[in-house]
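Letters are used for the chains, namely A, B, C, D, E and F, taken in the order the chains are written, and counting of residues starts over at 1 for each.
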Amino acid sequence: MNLIPWEERPKGSKDVVWRYSQNPIINRDAIPTSNSVFNSAVVPYKDGFAGVFRCDNKAVQMNIFAGFSDDGINWKINENPINFEAHDKGQILGDYKYDPRVVFLEDRYWITWCEGHNGPTIGIGYTFDFKEFFQCESAFLPFNRNGVLLPEKIDGKYAMMSRPSDNGHTPFGDIYMSYSPDMKYWGEHRHMMSPTPFKDSAWQCTKIGAGSVPFLTNEGWLMFYHGVINTCNGFRYAMGSAILDTNQPHIVKYRTQPYLLTPSKTYEQVGDVPNVIFPCASLQDVKNDKVTIYYGGADTIVAIAFGYISEILAFTKNNSII
Amino acid sequence: MNLIPWEERPKGSKDVVWRYSQNPIINRDAIPTSNSVFNSAVVPYKDGFAGVFRCDNKAVQMNIFAGFSDDGINWKINENPINFEAHDKGQILGDYKYDPRVVFLEDRYWITWCEGHNGPTIGIGYTFDFKEFFQCESAFLPFNRNGVLLPEKIDGKYAMMSRPSDNGHTPFGDIYMSYSPDMKYWGEHRHMMSPTPFKDSAWQCTKIGAGSVPFLTNEGWLMFYHGVINTCNGFRYAMGSAILDTNQPHIVKYRTQPYLLTPSKTYEQVGDVPNVIFPCASLQDVKNDKVTIYYGGADTIVAIAFGYISEILAFTKNNSII
Amino acid sequence: MNLIPWEERPKGSKDVVWRYSQNPIINRDAIPTSNSVFNSAVVPYKDGFAGVFRCDNKAVQMNIFAGFSDDGINWKINENPINFEAHDKGQILGDYKYDPRVVFLEDRYWITWCEGHNGPTIGIGYTFDFKEFFQCESAFLPFNRNGVLLPEKIDGKYAMMSRPSDNGHTPFGDIYMSYSPDMKYWGEHRHMMSPTPFKDSAWQCTKIGAGSVPFLTNEGWLMFYHGVINTCNGFRYAMGSAILDTNQPHIVKYRTQPYLLTPSKTYEQVGDVPNVIFPCASLQDVKNDKVTIYYGGADTIVAIAFGYISEILAFTKNNSII
Amino acid sequence: MNLIPWEERPKGSKDVVWRYSQNPIINRDAIPTSNSVFNSAVVPYKDGFAGVFRCDNKAVQMNIFAGFSDDGINWKINENPINFEAHDKGQILGDYKYDPRVVFLEDRYWITWCEGHNGPTIGIGYTFDFKEFFQCESAFLPFNRNGVLLPEKIDGKYAMMSRPSDNGHTPFGDIYMSYSPDMKYWGEHRHMMSPTPFKDSAWQCTKIGAGSVPFLTNEGWLMFYHGVINTCNGFRYAMGSAILDTNQPHIVKYRTQPYLLTPSKTYEQVGDVPNVIFPCASLQDVKNDKVTIYYGGADTIVAIAFGYISEILAFTKNNSII
Amino acid sequence: MNLIPWEERPKGSKDVVWRYSQNPIINRDAIPTSNSVFNSAVVPYKDGFAGVFRCDNKAVQMNIFAGFSDDGINWKINENPINFEAHDKGQILGDYKYDPRVVFLEDRYWITWCEGHNGPTIGIGYTFDFKEFFQCESAFLPFNRNGVLLPEKIDGKYAMMSRPSDNGHTPFGDIYMSYSPDMKYWGEHRHMMSPTPFKDSAWQCTKIGAGSVPFLTNEGWLMFYHGVINTCNGFRYAMGSAILDTNQPHIVKYRTQPYLLTPSKTYEQVGDVPNVIFPCASLQDVKNDKVTIYYGGADTIVAIAFGYISEILAFTKNNSII
Amino acid sequence: MNLIPWEERPKGSKDVVWRYSQNPIINRDAIPTSNSVFNSAVVPYKDGFAGVFRCDNKAVQMNIFAGFSDDGINWKINENPINFEAHDKGQILGDYKYDPRVVFLEDRYWITWCEGHNGPTIGIGYTFDFKEFFQCESAFLPFNRNGVLLPEKIDGKYAMMSRPSDNGHTPFGDIYMSYSPDMKYWGEHRHMMSPTPFKDSAWQCTKIGAGSVPFLTNEGWLMFYHGVINTCNGFRYAMGSAILDTNQPHIVKYRTQPYLLTPSKTYEQVGDVPNVIFPCASLQDVKNDKVTIYYGGADTIVAIAFGYISEILAFTKNNSII
């Protein structure tokens, strides 16, 4: 079993989630061609970890790259982007790819991302070995972002969250769940969560989006998500957690009124897009009650944070706004 | 066979499509509660015609109503809106319904419309008799409008056009085709048509949307659609035609660079939303080469126009911009 | 007693409020210098009626003018605008005046209007004879519009409705009540009514504003107000009614979900600002259960409409949305 | 000498400028391909008149067409657009042409218009005979509109007014004068006129643009121009007059605070763009003190209006705002 | 007498106002629940100082908290927000509170703040002991911000500055003075200051707002205020000073064309809202000519700055723009 | 010959252009009155260097100042702005000046800048000695920015690049070339470069502008320019290079798809306008293949960067997007 990255809570801290003292773990120039590396996803793989990384190049073209690590902290990212083969003939490939998520489901690693197809929508692909990759039909019509698959089928169907958007810097956004019998045709769209009223929880009052792949706990599926406030100087992205019903995961049971993390370190406050924390993945060691969260900082770097699952569950339940 | 409404081309006119001299055929106060009746759909039904009508009430709530006619011109619209029963348990019903289309396919009349579900998306329902109506799962995530089904399955799948949108008076919009094996789960989304460059065809340079249900001709599927220009005094909606490939209907073979109809009658220029022509249906008498187009005028009334199918096909081919 | 203008309901009509068949009663060129005459207020005066009229001149400068009528339909408007004397020394006079309301209260005719004072706010003045006019301190800070006084003191205090605004074509707006012991200092601001949700009553979903001076009925104060929807071609203004609590008039007891009048005559649909009905006054003959409503059409002319008070009260109660 | 179109002032009218009773003189379908004919320019030519007409076709592509008339009222417009030859090699031709003006200067008829060249700017061309046309270098960088040449050189230089703009429905706009020694290189740009403050003359408070070609009077150059107000339902275009200094025509001596014409006829209030009066030319019979103004109505048709030059001069001087 | 915080001007500095070398004096996590502590107000109290602090919690809900300090630098802030009792029955309490100011006037400490009441307006409350707090009627209708009371009555009336706003990130804003006989009803609204033209003083060209409570000097009331410029990357807030007429304080005698402080330290440039200096209070030791200014930095922390009153007065007079 | 500033490429770096390790070379407080010093231009002058510097003062008024240096790194900037004399009588002087460029051409140093003249346009002036300065006619009508002259005449004509703009934070912008026989009248406007599609080179997808004065190489004119992306937190400015045809310099032969420099140092990421790199000049030592680039950082300071000309040419050719 893979030991997930871990660092104990700093002395004196009462934070439910705390940052790694050596953040960022991946810098903007992690590969020779990269302008920035951020909003990336990791999973346990063999004895270590594999990941899919958003590396914008120096033309600021967005693409996703495979990478590998023994310890989840030191990563070797391929210098060339993932080259998807079409799963079906007639398959349409998009203009750009960003903000990947990865989940192991049944027999393979599924990857979802934001796919450029006359506007952003949710791309789907898979790999068995992080060497060969196959791209499937996009899940939805544009405009959509933040597609996140559940790691198990629900009632025999695949389940994916997403955040319908517009064709710009979308100033609104709710999270929906959709279901599919075959990962190709999607329906049964269910509304899950909306932004909160400004007076109740302003950090998530403009838009929200699914973040990490949910994992099952005794309280339901635990997910880290981002919320956005529109300040007079632009959007600020922070992170909260939500617990989804085990059997009907489009039902949100609890959701944090306070954030768990907000931009307050320089690597979150200063960069290509200031004041952004954007979670895309978590690694969990359920036996030891530990979770490690991977998030992008300021659209520039990758950082991690830690927490005890039981504490996060309790905090989410005790500070919930639905 | 039902004789479709018809009036010959006025003397001296060279228009490919011409208006009915007695327009509008349905006025804003067609039922006691209506503020306006427009953007409505009709089909042959028994010896005459049936239709689904958008009647906004005097609170300007949008809903759809069944109606019947012997001649396609004089309509009796039910005073109460359609009361849909859920096709499945767990079915979600929306807040409002507008801009219906109707198509007979296999064994029943399918209705699609713009359904309010945390924003507009495409609602689907059916009826066998225009008395009992059943509502299915919505086809897509919000935000979407102008969902139009093809009247035949393509390669064993249902095919629906739609126009992804945003949550306001969307200032952009392309037409896509999506496919479904079962009218419940949708995928294989294909881009069909974009707005044209301003300099090439300004009447359709801001957004476009599918209009009438396509019908098969020897050139392919013939459809009437709307195009929009954003003037300094708001949107103006005009009507063009497109011919879709018979077997791969997401491929647009021809599309009119000139409009077929633009607002130039008072009932199109003045009303709740000035300068709108919005086609939602056509009736065709293929044997006699005739088609009658139903369209909303100024978001207030229903009007009709006529044309010879062969002339429209020729005009579309000879004046095409793709 | 002054006989208010009156015309019976047209045969066959079921409308609660119906238009005068000879509308408009005042045309845009009613005085030699006028570009338009609209959004004006009338009261019984001596044996006939007096009024304060918004006449924009041909430079499209906005000002208010006194006028007189024997029958409430044929008006003679002064060719020069009202020349206000300052009620107090140190009084500040604004740049422009528009949308007046008039009410008799205690011993004089109070006039309120939209006063230009580094932005629009609520001007206050009075007259005893419609010859000499005095201007008081403006009631509120900018930005505000649609200030309407109640015709009686409430608990010994003057009561005024208004609609806080911004410095442009305000895309939002609620009605508030404020109180004053002396018509100079104002406080006790109470929220009264908001726009309605789009799905429930779209004609008043963008903003609302007080219209006519309320008059007392056995159900409370009856007022006609305007509601606005933001279409893709601009704002459309329609008219509803509200019943306010007799003793605490900032409490809205009932309010029409449907409109009473919406732009559907040419003089309401076409003009300087298309699709506007804007009520500013009513005359009531309570003994005979009659009310005559004065409203501006298309920001260009003045029109009137009629109704039976008891019917309007019943309609408001039976079709209420709060 | 060509007798300009003329109709006496209607009885009882005190208007300084009055409309032709048979307006519009050119309808939207004046040529078989036209969607609309408007914003067009005329000049005396031989025994009658020639003109350059903006005819948008039914694809709503904008282009300019030559036309001829014996009486200035009944026009025969060529069915094909003007085919410009390049005056110089290397000449760049634009995507579209609209809003022409024509002026005889020295030995030829110069035409200026709005030329599409990666955005609108001022195109220049000339003809000797309205059969052969030559296109020169565009005068300015984009974005510019409403280029109007003076009919005489000033200090040996050509003088052109224009209205710097942006790439959309520009919400601002002042008139400038520029000079050129050779009609190819332009400089000495001088600011002439700004929009007026809202409270002083609201009809021209958003933007203004040169209209007709100025002609010399004993008071200076007399020009008709358009002014725009941004209402809550879009832009409204009205017409005023200005008198420019004879020798330094970038100095505006007088300018009407009131408009001369504002949209109040159906052909000005209803059409492709409601509420537009847009003057592009005048014909003057100086000996008889008469001027006939040509203007576009509602971006759809061509209309004319009349006035006595001396009255217009007096009115402009007596009602001036600078 | 309380010794105000003080640090001498750094060697070599010619700044009229200089920062404390140990800034920030209050960090974002000053209390366990705080996301940020900023835009806060202090007054002398007993032997030391008391204050009212804006502490946004980790749900980014805005509220105000009492705090105490012996030296004005080291503060102990209560962990629970101020719990206001209603001064009158029927009192309306708002949704949120932010940006407080405090002033001792007559017999008590008056607090004003931005109160959420269907939009932001000016809340008023008082305390005698910073333990019990009472809330009065809000002063004005929404939308308003930056309400600052004068510390003395003027002609027997309370005087309050405010900045009328809209319901968003208001892109405009002037300072007004209003008067009240009783702290309940307000009137006599007087315009005081506008933003300056871009070319004359760009740091305050978008909007301005009253900052610290004015204090009396031999030149008049001295106040520190904020000015805003709208850059291509959002608003930047800097600080200037103004001198108000002693007896008619709505008359601004002088006002700095240059700023006194602009964001140039990391704690002003980086934080929840970058590039913000927002003064809310000052402490003055008039005998020793010293003033200490309290301001929020980057909407995240509290900082202080120092100056000699006589130098600031002289600078304001010598560098004035009205 | 003047030795240009130089520092070798850091060990291990593969960057084509690298920053000076002692950046910034000029701080925001370089002169006593300055708020910021940035976007400035330098040229070889006598044995050292002269420059024209944008120094915004503490009222944030924009003006340009002369300065001198022996080594190109340590600068002495005059404390008073350049005082231009009018080259011609009747010359119009603007409200403000910013973003200067300097070029030696024929017999003098020409200066171009953004001149405030009812909106920004391109000012032109010259000096022989950096003591006396003369201002000429502005080149173009507003709105324009980033005027950059070529250092040689082309076909006997002066050649200037510029970026037509609007009157705000222009969200679009292409580079054009214009020609002039005499530096007074300009024409022959040629479109050179547009922003790139988002998917191809996002850092320059919103607008671009000429930066440094081009210098001749064996490949053509080499210029450094800025490109802008509109993020959800505002504009980000980066730097690329372009090669223009030697004889027809309005033809862009190559242009970098990747940027050469993007904001990634604190002095580029944090300041008055975060995330700005804005090149305005270069010094080249062609014999030794060296170029030193001067650029503004975060609208606050001046920094420099270095490169080998041959490497930059090769990189531009090998990574070109047109």
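The criterion applied here is as follows: a residue touches a chain if its C-beta (ideal position, glycine included) is under 8 Å from a C-beta of that chain, and two chains touch if they have at least 3 such contacts.
The shown structure was predicted, so the numbers you read here are calculated from the model rather than taken from an experiment.
Common neighbours of subunit A and subunit D, listed by label, are B, F.
The geometric centre of subunit A is 41 Å away from that of subunit F, both derived from CA atoms. Centroids of subunit C and subunit F (each the mean of its C-alpha atoms) stand 58 Å apart. In subunit D, the residues that reach two or more other chains under the touch definition are 233-234, 270, 274-275. A complete list of chain pairs in contact reads A-B, A-E, A-F, B-C, B-D, C-D, C-E, D-F, E-F.
Interface residues of subunit B, counted against subunit C in their complex, comprise 28, 32, 35, 56-62, 95-96, 116, 169, 233-235, 270-275, 299.
Within the complex, the subunit C residues that touch subunit E are 92, 117-119, 121, 137-144, 162, 164, 166-167, 172, 174, 176, 178-182, 184-191, 194. Contacts from subunit C toward subunit B in the complex involve residues 14, 199-203, 229-234, 236, 257-259, 262-264, 266, 269-270, 274-275, 319, 321.
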